[in-house]
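Every chain is named by a letter (A, B and C) in the order it is written, and numbering of its residues begins at 1.
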Amino acid sequence: MILVAIPLFPLAASGLSAVLPGRRAAAATTFVGALASLLASGGVALRVARGAPVVAVPGWLACDGLSALVLALIALVGTASALFSWGYIDERVGGGHGGRERLYYVNFNLFLFSLLAVPLLLELALVWIAVELTTLLSVFLVSFDNTREALEAAWKYVVLTLMGAAIALLGFLLLYWGLRGTGGGAYTWAGLAAAAPRVSPALLGTAFLLVLVGFGAKTGLVPLHTWLPDAHSQAPAPVCALLSGVETTAVLYTILRLVPVVAASASFRIGAWLVAFGLLSVGVAAFLLIQTTDCKRLFAYSTVEHMGIILAAVGLGGPLVAYGAAYQITSHALTKAFCFFASGAALLSTGTREIDAIRGLIRTSPPAGAALLLGGLAIAGAPPSAVFLSEFSILRAGIAGGQFLAVGLLALFIVVAFVAIMFHVNRMVFGLPGPAAPRAGLPAACVIALVAVAVPVVLLGLYTPSVLHALLQRAAAAVER
Amino acid sequence: MVSSLNDLAGGVFLLTAFGLIVPWQAAQSLRLFVVQSMCLAASALLLASGLGAPDLIAVGALTLATKSLLIPWLLRRTVSREIYTRRELSPVVNVPSSLLVALALVVLSYFVAGPLVAAVPRTFARVNLPIGLAGLLLGAYPLLVRREAIPQVIGILAMENGAFYAGVAIAPDLPLIAELAAAFDVLVIALVLGLLTRTIHERVGTTDVASLATLREIRVSGAILRKESGAREGAAR
Amino acid sequence: MTSRVLTNLLQVATVLLLSPLVRGILDRLEERVQSKRGPSVWQPYRDLWKLFHKDEVVSEHSSWIFRVAPYVIFVTPIFVALLIPVLTAYPLAFAFMGDMLGGGFVLALGGFFATLAAVDTGNPYGPMGASRTRMVGFLAEPVFMIVFFTVSFVAGSTIPYIVQQRWVRPLPTFFEPAHVLLMMAFIMLILAEAGRIPVDNPSGHFELAMIDESKGLEYSGRAAALVKWGGAMKFFVLLVIFLNVLVTPWGLATTQAPAQVLLAVPLVLLKILAFLLLLVVIESSLAKLRLFRITEFLGAAFVTATVAMITRVF
């Protein structure tokens, strides 16, 4: 029954933060709720890693390797974001009687609730609704600043992702049609995988492409990625961490779930489609990274790039690449959350997101500067970061599999992205600060959150705990084709 | 008889989908959307008897209640009346070209749906799947070329209508909880988008969402604009 | 044999005699909707009577075309009436002389002569109206073609009697999306071809804004009566094609019994009356389009017809 409780913690916290009196109550409740779901999902992940699948309601709620991994990542990033919000939101909109703060926490908890529901649900129609809710419940977080830009970003975000969700809906309905055509069975991931070989390949292929394009919009895959840098740069930093770190991952998870289903049909070349879509995203993002002028947009484009890498890796096929992809999911979620915390810290100490306006951050605000440098290095994939390890394992396994062209292009784009990110981060962290640059400290909660996330970001590059290794292997088995 | 009436509903559904790409006043688009939703509900109710799926009766009733009553009411409540009488004077694409694009989209949807329908012979899907797909694609068109907020909202809702129109024929026995959740979901969409439109109207002073285009990677103008917003944020602190 | 000839004659007589009545009813209905009393439904007959008894004035700059055109305009709808099912559901003697395309061409011949005659006189409004009519005409042409081809694709023939039997009669095919859409497209065509409101304002008196009416401005006396009568018959024939072939093929005579054929006359008139009500609603709720937006209107008709074709072909 613990699975039922996991999303209910934030839901309860949402209600409580709306009604509890006291200025800090909302922030504290949110943190406690997120922490509770983190502990619960950590426990679930441990049990799954040991080889015991966790089933709450057969056919509706259960957890296997891949979903446990995504679940734990969402809970972890959610907890860190709740902690970071404690300092960040207070700094930005604090004072007064805290009405806007309260509103923020209510929305934040609802968003976390919808995110946690995505990997837990098995029934595909409900998964679709959970994904739709992640959009609807996060709109007002994106537009939280209520500036012209924030509202523009929120509008683009909601319109494009809802459009994608409608396209994906038809894909899901087609899958259901295929399932019924074979004589029925449960409309769950497992039931679908079992029935897939008997479904017509044309149907599977069309349905998969509809889901790929539709949910690809929400994941930030290239033809429909335009909303992503806007939304991920305008939202408050802790929300960006959730949006960029785990929301994209949670939606990508639903696409990945379909991979083994569709791979069962012989005539539809799913691998080629995934590699093409993935490489397109990586390539476009790598070159957009060069010309960006906004520090949060920089990390947002890097999200597009990483989603592309994961998709291409899954498309390459083979157990080793799949393991790399699972590792990439983990490392990207944590590192990207850290990057957005760092950019939030930079925003708090400089008051701007403009790359050209930030200089010598390491002098004016050492914690923010150090965090931004570490984040930049880690997300660009400098050794020995976790991202480096996962990207390297994908490339190595791809070459071992003999797919030189795809791997070569992937490596080229990754290098371009690395250069672009490091160029911008270098300019912001080092260099001479302007004469009027303010000197400001960081709230304690922000520093704690930064350190808490920095530990796994650095550590996972050096050493993979055996529990995580086991979990990743089970996750990889779920996306392998 | 059931099949004939379902065909009729399909034809009207397709016509309204076409109507939605023409730049009418927002109120007119909303009326077309209501007619389209009624076609969807009619198709659901007809198929309930045609396919012997009692769930579809609930689906039809829910569609009728939410999409043709509650959503128009919600949208009219949240957004001020004046916006609904506004007409786009300079459409991004002129009407004949829009119609030709729409034509191409319908050809595409019949082309895509053809092999799927051929694979699984089922009479209702022959009508509903291609028309639903066309409704989906035609609903996406206003999102790309219309400037005003309300027509874009209606575009999204019309896309969902298209998907569900195909759905009533190809997935008539979805679990009822999913159908209930979907109806609720559509309501939340209308509410959230209506509130967002209202906020934009209040804060920015326009519902011409196409004019909201400051966020992009153009260095010169973008840098200036973003400096302004940076300064505003600095002031807010 | 004689009964066949009689039926044919009756068919022509119906078109000839009832067409002014339809015009009169439409005018009266439209005025009533606008809360006016409106002219009597017999007014077109009185107009024709009056015009036939007036002297004719012909410009001395005009050529033979100007004098011949009224007769062509008058005769062509009668020819078409022989090809289409006006009263009977079974083909009559001339039914296989021409198909729907042929009928379309014969009607277009009348329009062609009207245009030439308008240019012929040197009246400045004539050529203007003629060129506008041509513009509407060439925009409507492709729609006509697609409607006819869709219909013939479905029915396997372009003979109106066969179309009506094969496609429109059976109930399941009646409700097909293709059929519904074709009906829509054809209504739009009738509005454009007959110069009704979103395209042209038939009751307007301002020459600069006229499309259809300005072509006949130079005619007087008997020629004017023929042009008017011909216009009314063309409208009647279009309505008959629409109602008897494409929409409501019911109420037509199925045997050669004279009583049944005679009974079909009021039934057809009833159907036309019902359609006129719809037409009045459409015309009263729309405003006349600016000239350059007519492309949009006919573009919509084109798309509707093409979609109808697509839904059938795939």
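In the analysis below, contacts are C-beta pairs under 8 Å (C-beta built on N, C-alpha and C of every residue); 3 or more make two chains touch, one makes a residue touch a chain.
Remember, it's a predicted structure, so these values are computed and weren't measured experimentally.
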item	value
Chain ID, smallest distance between chain and overall C-alpha centroids	B
Of all other chains, the one whose Cα centre sits farthest from chain B	C
Geometric centre distance via CA averages, chain C-chain B, whole Å	38
Whole-Å gap separating chain A and chain B, where each centre is the average of the chain's CA atoms	28
Centroid spacing, where centroids are CA-atom means, of chain A and chain C in whole angstrom	64
Parts of chain C lying in touch with chain B, wherever the complex brings them together	171-172, 174-181, 184, 293, 295-296, 299-300, 302-304, 306-307, 310-311, 314
Interfacial residue positions of chain B with respect to chain A in the complex	112, 115-116, 119-120, 125, 132-133, 136, 139-140, 143, 149, 152, 155-156, 159-160, 162-164, 166-167, 170-171, 173-175, 177-178, 181-182, 185, 188-189, 192-193, 195-196, 199-200, 203-204, 209, 212-215, 217, 219, 222-223, 226-227, 229-230, 232-234, 236-237
Residue numbers on chain B that touch chain C, as the complex places them	1, 3-5, 7-8, 10-12, 14-15, 18, 22, 94-96, 99-100, 102-103, 106-107, 110-111, 113-114, 127, 130-131
For the chain A and chain B complex, residues of the former touching the latter	91-92, 123, 125-126, 129, 132-133, 136, 139-140, 143, 145-149, 151-156, 158-160, 162-163, 166-167, 169-170, 173-174, 176-177, 180-181, 187, 200, 202-203, 206, 229-230, 233-234, 288, 291-294, 297, 347, 351-354, 356-357
